[in-house]
Amino acid sequence: MPARLPDGIHCAADYSRLAAGAIDAPTLAYIDGGSGEDRTLAANRAAFGRLGLVPRLLPDLRGAQTRLSLLGQELAHPILLAPVAYQALAHPRAEIETARGAAAAEACMACSTLSSASLEEVAAHAGPQRWFQLYFQPQRAATLDLVRRAEAAGYTALVVTLDAAIQAPSLRALRAGFRMPAGLRAANLADYPPTPPKSPAPLPGASRIFQAATRDATTWADLDWLAAQTSLPLLVKGVLHPEDAGLALDHGAAGLVVSNHGGRTIDGAPASLSVLPSIRQAVGPGCPLLLDGGVRSGAGAFKAIALGADAVMVGRLQVHALAVAGALGVAHMIRLLREELELCMAATGCRTLADIHDGLIHRFHDY
Amino acid sequence: MPARLPDGIHCAADYSRLAAGAIDAPTLAYIDGGSGEDRTLAANRAAFGRLGLVPRLLPDLRGAQTRLSLLGQELAHPILLAPVAYQALAHPRAEIETARGAAAAEACMACSTLSSASLEEVAAHAGPQRWFQLYFQPQRAATLDLVRRAEAAGYTALVVTLDAAIQAPSLRALRAGFRMPAGLRAANLADYPPTPPKSPAPLPGASRIFQAATRDATTWADLDWLAAQTSLPLLVKGVLHPEDAGLALDHGAAGLVVSNHGGRTIDGAPASLSVLPSIRQAVGPGCPLLLDGGVRSGAGAFKAIALGADAVMVGRLQVHALAVAGALGVAHMIRLLREELELCMAATGCRTLADIHDGLIHRFHDY
Amino acid sequence: MPARLPDGIHCAADYSRLAAGAIDAPTLAYIDGGSGEDRTLAANRAAFGRLGLVPRLLPDLRGAQTRLSLLGQELAHPILLAPVAYQALAHPRAEIETARGAAAAEACMACSTLSSASLEEVAAHAGPQRWFQLYFQPQRAATLDLVRRAEAAGYTALVVTLDAAIQAPSLRALRAGFRMPAGLRAANLADYPPTPPKSPAPLPGASRIFQAATRDATTWADLDWLAAQTSLPLLVKGVLHPEDAGLALDHGAAGLVVSNHGGRTIDGAPASLSVLPSIRQAVGPGCPLLLDGGVRSGAGAFKAIALGADAVMVGRLQVHALAVAGALGVAHMIRLLREELELCMAATGCRTLADIHDGLIHRFHDY
Amino acid sequence: MPARLPDGIHCAADYSRLAAGAIDAPTLAYIDGGSGEDRTLAANRAAFGRLGLVPRLLPDLRGAQTRLSLLGQELAHPILLAPVAYQALAHPRAEIETARGAAAAEACMACSTLSSASLEEVAAHAGPQRWFQLYFQPQRAATLDLVRRAEAAGYTALVVTLDAAIQAPSLRALRAGFRMPAGLRAANLADYPPTPPKSPAPLPGASRIFQAATRDATTWADLDWLAAQTSLPLLVKGVLHPEDAGLALDHGAAGLVVSNHGGRTIDGAPASLSVLPSIRQAVGPGCPLLLDGGVRSGAGAFKAIALGADAVMVGRLQVHALAVAGALGVAHMIRLLREELELCMAATGCRTLADIHDGLIHRFHDY
């Protein structure tokens, strides 16, 4: 870790303010942009901005803490690192730094299938709370091999991302002239057969889009199959519709991540926070439920928990902190988020995460 | 067609971004402006911006396609070219280029009564899906002659525009100093008696406005007459009120186009998309219903279809693409719109246009 | 009248755009500013901006016209000139030019008690529709003399302004350094005893504000008295509350003007248009009801009539046109407003003012 | 007092416009900033901006006045000075000037526990209406000594601030580089044992935030104890939740101040004005209820009273006036606020504060 933190960091979100000094502009456009005109990206943030919280006087906060149990695992706090691909774009040691930062901040980290460092390297630097994010591979053998490697490396859950089949390009990245660096590699996939590109020239008369969306398409039966292969709990990531929440649980998921992939799938998708209450209502109180998309502060974590999440994941902020200050930045960013959450809990008189509820939320737009 | 597409086109709407480099400023002000202060023009766009769509996980998209049957005609996709007058303002070969582009993109095109090229020339370059847009002429003989020529040239429907009697001037065009070029001609009308101007000096004590609005005014009886003259299906364009939808069908229309003439009639008219649901409700599920006004993306087409349209028409975007890259630009723009629509269908799990429905729409302002 | 109209006038509101070239900045700040931070002024305009109108197809407009009968008087159209004080600030010939312009445009004009030209001079140049705006004077003798002079000069109604007792200063005018020119005179009041200033140093311990508001305060009994002195119909101007509407009618008013004095009384007062429906509801369908505040276009007149007004008055636009082009400007501005109104009527299929109703109004914010 | 008022003061809020010329930028950032991103600070202001008031015609204002009885004390008007710490940041003579200004304007002033001048010095310059704001001290002996001193110095009520335990830092102040001047002292606390810092390095594994929030935490039992020590009435300041209003009254409070500490506690707290009606409803009509947060005009005072407050407190405006023109500025600012309030009362026909009610409020956003 570097010797010291950067100046000018007063809150976790300040890492995003400093990111432009640490990442070249086209790459930052790729990291920060959403699909299309960034409407879903903006909606993710706006949904948090519409909410406030109602302070209480003289709460008894003795014994207050942020612990939670999730999938049978004990977490020190509900702030997790979302799976983010190709972190070599942000730091030469990529996910290895991220893992060290997460470990230092007692944060559970989800390593991406498309990590720049191999899942085994990441595991070697990660803390005990580490999850592996799985993309279904064209061949089941490759998928299964990833699962076995994750099990062997001590990952304790699989985050199965199901919303990445359809991704509209980011106009921000395109206009900034971003191109994936030639040397960028998904270390985990190096030994598998190369994936055929999803967008080749279509058959004459056929739709390029529909062709890509149907070739090697994942199905709910694939999720059934996966659940049968491993004893690791499966978290389905990308849920935005209550019916999909039910389908995922029916097909083997142990929990869900409400997510629009950080506004990177289709522009116009709802804000994660906007649909969260309907998802919680659909799955009932006991189902592990996480959210990502728009969390830039501990107050954001507080609001998501109040609206039904058990925990939150942070994506872009993770990359910004990584780029600005490596492992130390990641750890510091998480600690700031945690303290911001604690401040919200203290202000509203919540001694535990279970005390956080919708009645503490203030809706600015209702006034 | 030119040898290559312009750089920097990442989505259909990018043609509008490039139009300022291809059309002089006063002419672009005329093309882009609406009536008055552009409030209806802005409302057309804003109505789409308020809506999003809800992605679904792991849809089965095998066999997905965008075909539709409209007025007994089979269309490859629901993106049509709206009738736009005087396309020589945008390209020297005018509608001939447009027709070639539309044919290449399998798009139905509506040729304007006020086209710069004659309807026969346009037909010679157009694909099999071609409609003729008809303005009633002061003399029935001229109107009938246009119909007979359209029939002879293989046009398969008549789009009868009824909302052009009242057009408030565009302040944007006036302030930009736009004047119709002296040489601009409506090729189709060259052989008919000249139309008397609608806005001469009024009779003493009479209203210039009411005088112009009543002289040679079209009536519903004219539509009855027209329907009796031709076996071509009639689409009435310009409907914004449910009662007018019913009247048009009562007087011979086979379908309707919900339209405010691209915000060019009276400033303050509702956005087309805002009134679409009430029009669909008035005419029932079977009536062919199109919409124009504010469609700048395939997502826009998706939203209009979800709210009740069978298909959409694009006006300004057509002219922008024509100006930027001629027939190739028009074809490319349509293909981009179609792929953007397909992406929305794939994201929401719609295999056909009939699967698109209001339940897939997300209303950002409700959150 | 000047020989020609200024360039660049495409709609009535364009006179406001040109006013800065014809009036010095501090004076324009005084004319254009409202009280306080201009919130009511802005609300007046915004209330119109929220509304649109729904065009109809192929209306039968034969015989369409804009006439109305008001207080037993026949008006060619429902656009009146509001009383505006001290028009010498805008033009050296002041209300004399305004009166000539109004007469040329067949508009009823209301001459202010505080006119720069005497009511007799104004009457000499005005058309047959001329009303006199009356402020109660400290002495009843002076008030009565004004009434007698107005009767003698052929004024056909008295507009009794009751909302001017409380006027908060205009911060815009104060910040622009505006001061009333030393030579500015209220010609009508030259021969009456000087009015004691309303804001002297207060009695020790007394409120300067309350003292000014109670000394010589007008009462409803004064209105009773006035009604008994003259056969001219009385229009009470300044009504914003339904109860005040009823009180005014109970005390002798023949009609009302819904007005917040152009946003010049107390900042925070409602927009005139916002309260208009509640006032119409309170007074019933037969009561003559006018509105001023925020009308800058014929569409504004259309909307006010749709929401319950019989006619509208224009204030600032009158002064702008006067400053820009004298009597010719005033006449031109009124004609443009009238034609804009006619265009709205033609677009919505209204042959008479009585055909204008709330069902033709589109509320943009409901979509 | 200085010989003259500054130029350019047309309303009370103009003192805030001039403050930048009288206070250095980092200090002004500290004074003006709220916690976090200033969202609650902005909400405080916005809540007032959404409201207007409905003028009435020809009210009878004879005998109008602004007096009120509060906690058995007679006040000339309902505009009080909120407790503001460390006024030496704004003026070298600090609260002594403020006290002189308040006395001159017949305003009740609340002297802060953290005043730069001692409470005895302040009392020597204050008028008869003076309250003391009390922070519970770590030792009850110190707390009690403060109470005895306040009693001895003639303070007539204690304002017990209970919302300061949780204060998020002001990003505005941090980014401006503000640091508390080394010499800044809380004069009242000079003789008590030094307070241990609330944010030391936490115990290993413990939360810095929760540790600070629980050490020496005030409890409702402390309020009971305080009420038993003194006959001065207690006003609990910082109430935002109806349940806390009830708790405070149950534990000895004689009245409440609805407050979010000027947006300085936790960012996202509701605007004071937004929760005021729910607090009034909870405590019933008889309970003394004040509000601070966002009052910058007499219209603000009017609105707060209409929504349930008996009186209002001004914080930042007090400091701005102090910095700009010392005691004279403070007195002038209060007088302007009072006259602005009187103008609102006169416009709406309220002869007394008791006549101000919700029916006179106009809600702009409902139109």
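Per-chain residue numbering starts at 1, and chain names A, B, C and D are given in the order in which the chains are listed.
Just so we're on the same page, contacts are C-beta pairs under 8 Å (C-beta built on N, C-alpha and C of every residue); 3 or more make two chains touch, one makes a residue touch a chain.
Just so it is clear, the structure is predicted and the values come from calculations on it, not from any experiment.
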Hop across touching chains from chain A and tell me the fewest hops that reach chain C.
2
Rotation angle (°) superposing Cα atoms of chain B on chain C, nearest 5:
90
Check the residue numbers that chain C and chain D use where they touch, and answer same if over half are used by both copies, otherwise different.
different
Counting only Cα atoms for the centres, state how far chain A is from chain D in Å.
43
Hey, how far is the Cα centre of chain B from the one of chain D, in Å?
61
Check: chain D positions touching at least 2 other chains come out as none
Please output the residues of chain A touching chain B within their complex, sorted ascending.
36, 39-40, 43, 47, 50, 162-163, 165-166, 168-169, 171, 174-175, 207-210, 213-214, 217-220, 236, 238-241, 243-244, 247-248, 260, 265-271, 274-275
Could you please specify the touching residues of chain B with respect to chain A in the complex?
8, 10-11, 49, 51-58, 60-62, 64-66, 299, 339-340, 342-347, 362, 364, 367
